[in-house]
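One structure below.
Think of it as A, B, C and D in the order they're written, each chain with its own count starting at 1.
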Amino acid sequence: MVQTVVNPKQIIAARVAKEMRDGDVVNLGIGLPTMVPNYLPDNVNVILQSENGYVGLGPLDGDIDPDLVNAGGQPSGILPGGAFFDSVFSFELIRGGHVDVTVLGGLEADTKGNLANWMVPGKMVPGMGGAMDLVTGAKKVIVAMEHTAKNGSSKILDECRLPLTGKGVVDLIVTELAVFRVTEEGLVLEELQEGVNLETVKEKTEAPFKISPTLLFD
Amino acid sequence: MVQTVVNPKQIIAARVAKEMRDGDVVNLGIGLPTMVPNYLPDNVNVILQSENGYVGLGPLDGDIDPDLVNAGGQPSGILPGGAFFDSVFSFELIRGGHVDVTVLGGLEADTKGNLANWMVPGKMVPGMGGAMDLVTGAKKVIVAMEHTAKNGSSKILDECRLPLTGKGVVDLIVTELAVFRVTEEGLVLEELQEGVNLETVKEKTEAPFKISPTLLFD
Amino acid sequence: MNKIISLDEAASFFKDGMSIMAGGFMGVGTPEDLVSALLEANVKDITLIANDTAFIGSGVGPLIVNHRVKKVIASHIGTNPETGRQMIAGEMEVELVPQGTLAERVRAGGAGLGGILTPTGVGTVVEEGKEKLTVDGREYLLEKPLRAEVALLKAYKADKSGNLVYHRSARNFNPFMALAADQVIVQVEKLVEVGEIDPDEVMTPGILVDKIYVQRRQ
Amino acid sequence: MNKIISLDEAASFFKDGMSIMAGGFMGVGTPEDLVSALLEANVKDITLIANDTAFIGSGVGPLIVNHRVKKVIASHIGTNPETGRQMIAGEMEVELVPQGTLAERVRAGGAGLGGILTPTGVGTVVEEGKEKLTVDGREYLLEKPLRAEVALLKAYKADKSGNLVYHRSARNFNPFMALAADQVIVQVEKLVEVGEIDPDEVMTPGILVDKIYVQRRQ
């Protein structure tokens, strides 16, 4: 059941969904990333890992079980074939490269694949939770975030200014305007979202970037 | 059911049994140490840990289960209240100080609490198995061995000559002649086995030792 | 060895200045009755080790709200605004640890390890003050073990010897905290006779559990 | 994703010079049929990682006897005299590792850790060539992770997605080897449908299992 795309978050979630392969083990950060499964085609089934201790995370199915919540603390379900384990094992999976893809929100990402998404000095610090382990251990790290902050400033920088969540960890940045791949030579613009032109992306992106030879212009 | 003591191994096992407290978690090395439970008084129940992955080791009870062996590879049983786990967890218990007492055989033990019991250079080396972890992690390490080697030489030395199993790990040495405690100041003779005199022990012990003030002479 | 205790008896284990671990992820898998007993025992200056500080009114949250905690070691404090407030006001010390690292540190504490090398946090503020080692060309942080005087755990079911079975995502930090404290007290929903839990299904062996409190409500 | 394979298909995973882990303790918990398939595949120069080398005619023993192993990493080789003979004759390299350390090294390999610090082996030949660190006044050896190209596991039961349940002391090294190899192939006695194993009772989640071979004999 593919939903219609109407706002920036949906555009981002829908594009991230295209990165998933059938059978992938996926960990989704809270917020926007949890929307990704709504946009998976019918022939792509992913297995969701929940860092508080299970694989097979599914929607709430029937009555609320107070012992079954997702990593955001919300009542959840588990699909047939799922499995529970303790937090040590959960992070063995995460740190040990057994999670194929993680999708996280971001405050800033940069040309070196650095990600900042866990604290803003001077503001209340919620803590990193499992984010630092996820960006370090997952095989593929996708940052799913709006292109600019509320004040209009670019969140894609030459170098992150906020304290890092991970150093050199990001593989792909997906915004409502564009898709960037992080390479040894910096950012490469891989795609423009529908109806977005290159000038807009250049204007709204502080970081320098190359343009992929495969990028098609209308 | 306390068995009658008739040979050196039985004398040793019977004396080691007196070190056990009700409820102790105990790991017994193969050979002589496995005789210790035969000498426990009725009001002392210990829980045997088997390093290949369970607590509650008991005698073979009914048919042989090919999936249930002790650390020597022999068919075994598990008592009510026992629990199976994997080898990582088994050694978390051992290394982490959750085993109260381990009893191991020895080739040599010395005044510094060193133990050698895993290899003799030039001979076939069986490997240390779990012995190095056991002597490092168990709260109390008891060496249960005959006082002298087959050639009559003392196995209790000023300093071990064979490759060590553990350095400064032994708490108590029990032989068919005597019981020594390892202290900061070296060995202390705590007890003479029944019918053994001090001269015999002095003669058969290469290591220097002090005599406990509590040692009673007839 | 009767391990069953009342809440009043549980209270006798608590002392000012004590280090306490508590299982749970945002309150799920936290022994709420034992936390209440701790609150009523009126002890202060606790060092609290837990995945998170839960909410104002649930999980370990009330310990923070009622100023019983001198220092908290956790991966996430965002769901309990009082934690952040006390931290900024200098009323309480907060050590933030990535969730996988926190789990590994507690495991190391219970497993007799001197620490573990993790890639998580390299290049972030987490590495401040820590030893950094390069193994086979990759950088790791040396993270040290954590232990506590008391662990407060929640399980679904216990037998009278303390063998535990957890339920759903309420397992989280409980199984490995069971190895990392001097006294382990567990709150259970259901108590069964010894022998009623298949040894293959035990998740925490009873040898690690000192006291069992059976909660009234189901 | 059909994970069920025949023995012939299993054979296609084996190559000369490959590193292979196998579960089991003196043959208990070793996938004997997969070992036979490996033997029949006629590959040579294997690096074998296993707790022990079992017996001449069972467990992983026949791999040694038939000269398929270039190097073995194990904690115990005493029950298979051919291992010792080939070691002394210089026909095969043997690395002896304390059992708890071997378990931790494999776990570290699967958990994305750069190593662990263990007190086991300090002051013995085990420390030769290893980094020794002092943490909070105690000495530890830095022990490095172990991984393999293929892990051959034995479980009692699997569902078709690869969720595993082990039986009795046949669990041993199997659960954590499941995380430490590029390809994980498991031999099971019993196959059930997805959903037939309660998610709380799964011991190894299916996401770690690549192929399942259902043994003929029960």
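Points to keep in mind about this one:
The rule is simple: a contact is a pair of C-beta atoms (placed from the backbone, for glycine too) under 8 Å apart; a residue touches a chain by one contact, two chains touch by 3 or more.
Predicted, not measured: the structure shown is a model, and the values here were computed from it.
Counting C-beta pairs in contact across A-D and across B-D gives the higher total for B-D. For this pair, subunit A with subunit D, the centres built from the Cα atoms lie 35 Å apart.
Averaging C-alpha coordinates per chain places the centre of subunit B 29 Å away from that of subunit D.
Computed from the mean C-alpha positions, the centre of subunit C lies at a distance of 32 Å from the centre of subunit D. Per-chain Cα centroids separate subunit A from subunit B by 55 Å. Shared interface positions of subunit D, i.e. residues touching 2 or more other chains, are given as 104, 107, 112-113, 118-119, 166-168, 199-200. In subunit A, the residues that reach two or more other chains under the touch definition are 54, 78, 84-85, 91, 94-95, 136-137. Pairwise, the chains that touch each other are A-C, A-D, B-C, B-D, C-D. Taken together, the subunit A residues at the contact with subunit C in this complex read 50-54, 65-69, 73, 76, 78, 84-88, 90-91, 94-95, 114, 124-133, 136-137, 163-168. Residues of subunit B that touch subunit C in their complex: 22-23, 25, 47, 49, 54-56, 78, 80-85, 91-98, 136-137. Contact residues of subunit D toward subunit B in the complex are 25-29, 51-52, 74-79, 81, 84, 87-88, 96, 98-101, 103-104, 107, 118-126, 156, 166-176. Only residues 104, 108, 112-119, 133, 135-136, 138, 140, 142, 144, 165-168, 199-201 of subunit C touch subunit D when the two sit together in their complex. Those residues of subunit C lying in contact with subunit B across their complex are 1, 107, 110-113, 159, 161, 163, 179, 194-195, 199-200, 202, 205-208.
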